[in-house]
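Listed next: structures, encoded as structure tokens.
Presented sequentially are two complexes of chain A, the first with chain B as partner and the second with chain C.
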Partner chain A sequence: MAMGSSRALLILSNFKFKPTVSFSSSSSSSKSFPSFIRNNFRTRNFSAETSSSLQPPDLPRLAETARISLAPNEVEEFAPKIRQVVGWFGQLQAVDLDNVEPAIRADTEGDNLREDVPETFENKEALIASVPSYKEPYIKVPKVLNKE
Partner chain B sequence: MTVGRLLSLKVSVFLSSVPVSVHKQTGRILHVRNGVLYCTMKSSQSQTATQEKQQPPKVKVPQHALKKTVDKITRDYEAIIGIETHVQLSTLTKAFCSCPYNYGSQPNTSICPICMGLPGALPVLNSKVIEFAVKLGLALNCKLSLNSKFDRKQYFYPDLPKGYQISQFDIPIATGGYVDLDLPLEFGGGHRKFGITRVHMEEDAGKLLHSGNGAQVDLNRAGVPLLEIVSEPDMRTGIEAAEYAAELQRVVRYLGISNGNMQEGSLRCDVNVSIRPIGQSEFGTKVEIKNLNSFSSINRAIDFEISRQALLLSEGQGDQIVQETRLWEEGAQKTITMRKKEGLSDYRYFPEPDLPEVILTQEYVDSILKSLPELPEMKRRRYENMGLSMQDVLFLANDMNVAEYFDETLSSGADLKLAANWIMGDIAAYMKNEKLSINEIKLTPKELAELIASIKGGTISGKIGKEILFELLAKGGTVKGLIEEKDLVQIVDPVEIGKIIDKVISENPKQLEQYRGGKTKLQGFFAGQVMKLSKGKANPGLLNKILLEKLNAKN
Partner chain C sequence: MLSTIQPPRYLSRFPLRRRTKCRSLHILSSAEPATKTYLTDQSQILSIRDLLLSRQLSAVELTHSYLDRLKQTEPHIKCFLHVSDPDKVLRQAQEIDDKIKRNEEVGPLAGIPVAIKDNICTADMPSTGGSHILEGYRPPFDATAVKRLKDLGAIVVGKTNLDEFGMGSTTEASAFKVTANPWDLSRVPGGSSGGSAASVSARQCVVSLGSDTGGSVRQPASFCGVVGLKPTYGRVSRFGLMAYASSLDVIGCFGSSVADSGILLHAISGYDSLDATSSKREVPDFTSQFTSASSLQSRPLEGLRVGLIRETVDAGVDSGVKSAIQGAAAHLEQLGCILKEVSLPSFSLGLPAYYILASSESSSNLSRYDGVRYGNQASSDELNALYEESRAKGFGSEVKMRILMGTYALSAGYYDAYYKRAQQVRTIIRKSFKAALDENDILISPAAPSAAYKIGEKKNDPLAMYAGDIMTVNVNLAGLPALVLPCGFVEGGDVGLPVGLQMIGAAFDEEKLLKVGHIFEQTLEGYNFVPPLISNAAFT
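Showing the complex of A and B:
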């Protein structure tokens, strides 16, 4: 890859995850917290520099959760590429954030709200027509046993 | 048997011909045949060879002893209960699009590209959702986050059009609150305070109905705004949990943000239960229970689950308690395992890029705080301070409309206790019979106050009052009008009453003779006749006083 892959690897080895907000994990939400965050969790106020490298993504699991099918050779081919992309973003870790206030979101504009006034969508027939399998009045779907 | 021996007996129970692993298979703990419990008693002391060869003796234990046995076991454990509640908001439109939402409409008629998750459609937040969320956060005594955001909770399921649910993950709009409530007297009463961990905004999924070898999806409900309320694990019994849920219903109804109906699905509760031996600091394994459709099922499901876990632990089978989701089966009155999931869900939360930050100003929050109605807890305390009994307080403050009616009756000058009694007694009975809410009865609070005053002042008798109540409830009208129309004014002139009594006595010489001969019970007969003649208007107290004088007079 043209983008200094050796440099990406260097950055990758120093990768520290620094989320910008702290929170207490409640009983219900902690179980769904991705494992790499759980392992490397740091709050803004915690300035100790223990480095822990980011685990390379488990590509088969990633593909499974995204419902994308990958052949074994594709897994082999994509894994390093994905690692490189993550590493490329990892350059952001080099920025000194000590004097920067944590931001909740990246945008500067505030709310974009609408009034609570009902409006019927005009062309509902087109919406229904675009449903692959429709048996009036329901959308037909295959039987799914488990929620993911 | 000595007491010591009795205490060391381990009670193990099983169906007469089925091995001990019955708990997992049927979930049934105790077997009752012909109303009699069969259980086996096994001594925990080492058995002799002869004992091992023999079957342990079967003992018939009646059903009340069964409950006692279960109680005895559960008493050694402390239950830790937390509840997650989803409140469906009664906004006119969905959370992120302008589709209307009406419960019970024809499937897939309230849809648009946004709530169907079609490519290119973007969500726009309904301002009412923020307003309702702030109202609820304040009512639950929470700290509001003036800045919060939305996140995507990603998973695949047929009723989730976008493949993710827009929710709030790490920065909810409200945190750290509590509810105060009073337990009903029939369950021992008492005041409780339960913590609220967080309140956040999110959207509902569509409805998935299983049919045959496939399933069907209705997206009318997809995108409807929800508020999720997570409690601290502060509840300890089924009744505490049920009352917590009831209080949430009261609060959302008082606030007017939801009709909080468990049967309709506008109030949904999932309960988490774990138990630990008393004194232990580590929590036990947490079990989630779903499919609770009423407050009483919350109560019963939790009590069942506590018993199930306690029995397993007491028999050294604690490893049978696994972290899982169980369903409450209303018919069988037990919890059963759902299909076990492999591993935990990874929702891959990240900030929703299509929605800006939610920013609240302190002025906005203050204006909403000022606009809040008197909440259930404040009302209960106010009624208590006025001198009403706890029973009256709980009844009158339960339904906001009843409380308002009561308050209006009082402000029209009615006596406190009398107003409470009329509303809780005859009026409540009428509403129940006719299946009406207090807003639908024709008797106005002002007229109720008038009725109470008329009786208290002696204008009409209590009996007459009750009679015209029915007409006032059904047809309305004024008390004064009815009194005049039907000539109901009570007769309190002793001379006039005397005249009527004289007439009755003169018309019933035989009874008079019998009375004077010793049959004093006939006073009731005379009183009835006087009442009849006076068309019920004679003042009962005066009537009996004068009647007695005349009956006992010597000629």
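Showing the complex of A and C:
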């Protein structure tokens, strides 16, 4: 891991959650930003220990986790944008959500699970035709195991 | 440039908008008329059916007229990533004509040209989701919604452009092309279902399917001056829809009238064993309560309680949009509605909560694109490098950023701070909508804070782009149905830019939205929502 390049992306210095999010990192957007994007919901005092446990995005590490290799110019382009959006996400930290149950989805209906019975998919040929490298009867990939 | 578009040769036989006196129509079968309706002047679908079954128009002629218009307008608007082979489409039309000739039954959508957003799978046709990673991919199956349309006789004319995997609000984030707004070619059609909205607006098809995760049907409907319908979460099977944010995704409908959107929704709704979130509820005939304009009473919506969401007409909303919405609200009052302002204090929290949930779920859902089982594969002699390179080459910037943000929000130790909190906000939002809809029959708001803006205007400022979704994302978080229909214009372009009114209803009550929307549409006078590009050049 090239720590030198990731160091530049660390944004600890200006990464702080605030009850009302300011967009100081991007002066161009803060001017034109509509007022409704700011949160005027009831907020609570924002304790330091919550924010200190959250590290800002470390782009190279995230890219590795997400299995996407990033070119240096992409790192440069994405870092400020991601930092800006993640900072904006942070406004939820200041909302009083004690005793509120999380909703995994809209929960309008659902959980209509079908029986767990295997079925034969008829169009098997088309399925196999879309595999990029195929060697009957296997899907071919580079070696999976390393010696170390 | 555009005035050079000449009317296609079949167009004179098929008007864009019929305002003839009501005629009766055989709905189910050319052989055995079962039901009659009087809505042919309010629905292209019913009007076409009427013409086909009465032999005033053949399906082949109809198909020609749409294909001709498509061919002439497409170079300017660029709605489609893939246009169906004309010979194949005409063969399908010929089969319908043959059946009608033999007095055999034809489906209720027989011969109707439909367009499908390219993140919805179609068998033996490219389905790329607007992404290079799926360039050339042909799914081995139809999405359930597509299968149902085909079974009812609809003809798929092509696959429409979108922001890659639905991630965007302008259709500029497509890996392949930028779609223009038919009202002003220098402007965006909205997104992510921009191609589906623009193709209906430009009358390249009668109706189209889109998908709506945070407003991707409703905002482009508003920008393009067409009707957009986001059904209740669970109403329509998502099987075959490329998953973006599964707790929010729905397939939605575009049409040039409320009636057409309702007919399309009816066709694709209902339980599907292949989508565990699809509902087993009965699907009502959404159009059964429609009445023709001439038989409407003077105050047909007497007593209907309408809540205007205060937070959606606050500062930050374009003044022209505000006055269009105020005009629409006044129109509803004239129809007999009781108008009240309602406040949803949690409204502004919906936007960050939505983007946390959507990016997190996308980071998980898009892990399937690894270049191994389908899609494009980068060459590599090591497996992880193969994944990393295939995804690096296959995904565009916006998709990569959302995956990275989602990966961040779901990281160990961060889940409680982001994903879980966003889910808690969803609970609050659901409750506040529930309370507002207990006191009101429907809620109204703009569909977007502005009309269509210029191509490139917001491309490099993600937060400015995300802010445009404020009117729509809360509805996805609450899983509710919403109808957007054109209600007025703001200045811009040659003749103004359309503005959409959003009506939000209780879960599974699309019927009420469609009824109210239909009356609103039939009684709204003085507006023409056919873009001049189409109405001047091809239909004079």
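In this section, the second predicted complex is superposed on the first by the 82 of 148 C-alpha atoms of A that agree within 3 Å, B and C clash if a C-alpha of one lies under 4 Å from a C-alpha of the other, contacts with A are read in each partner's own complex, and residues count from 1 in each chain.
Keep this in mind: a residue touches a chain if its C-beta (ideal position, glycine included) is under 8 Å from a C-beta of that chain, and two chains touch if they have at least 3 such contacts.
This one's a predicted model, so the numbers in the text were calculated from it and none came from an experiment.
In the superposition on chain A, A:L127 makes contact with both chain B and chain C. In the superposition on chain A, A:K143 makes contact with both chain B and chain C. Within the superposed three-chain model, A:L113 lies in touch with chain B and with chain C [touch as defined at top].
Within the superposed three-chain model, A:D96 lies out of touch with both chain B and chain C [touch as defined at top].
When both complexes are overlaid on chain A, the residue A:L59 reaches chain C alone and has no touch with chain B.
Look at A:R67: by the touch rule set out above, it reaches both chain B and chain C.
Contact with chain B, but none with chain C, is seen for A:K135 once the two complexes are overlaid on the shared chain. Legend: residue contacts after superposition of the two complexes on their common chain; A:R105 is shown touching both chain B and chain C.
Note on chain A: of its two partners chain C and chain B, the one contacting more of its residues is C. Residue overlap on chain A between the chain B contacts of one complex and the chain C contacts of the other covers 23, 26, 28-29, 32-35, 65, 67, 104-105, 107, 109-114, 121, 124, 127, 130, 139, 141-144.
On chain A, the positions that touch chain C within their shared complex are 23, 26, 28-29, 32-42, 50, 53-54, 57, 59, 62-63, 65-71, 74, 77-78, 81-82, 84-86, 88-89, 91-93, 95, 97, 100-114, 121, 123-127, 129-133, 139, 141-144.
Residues 123-124, 137-141, 232-234, 246-248, 271, 273-274, 276-281, 311, 314-317, 345-349, 351-353, 355-356, 363, 367, 370-377, 380-389, 391-392, 395, 397, 400-401, 403-405, 407-409, 411, 413-414, 417-418, 420-428, 430, 449, 461-464, 466-467, 470, 476-480, 507-508 of chain C touch chain A in their complex.
Across the complex, chain B meets chain A through its residues 82, 84, 91-93, 98-100, 106-109, 111-113, 116, 118, 124-128, 130, 147-149, 153-158, 169-171, 197-198, 208-210, 213-219, 230, 233, 272, 286, 339, 341, 344-349, 351, 355-359. By the touch criterion stated above, chain A contacts chain B in their complex at residues 21, 23, 26-29, 31-35, 65, 67, 104-105, 107, 109-121, 124, 127-128, 130, 135, 137-148.
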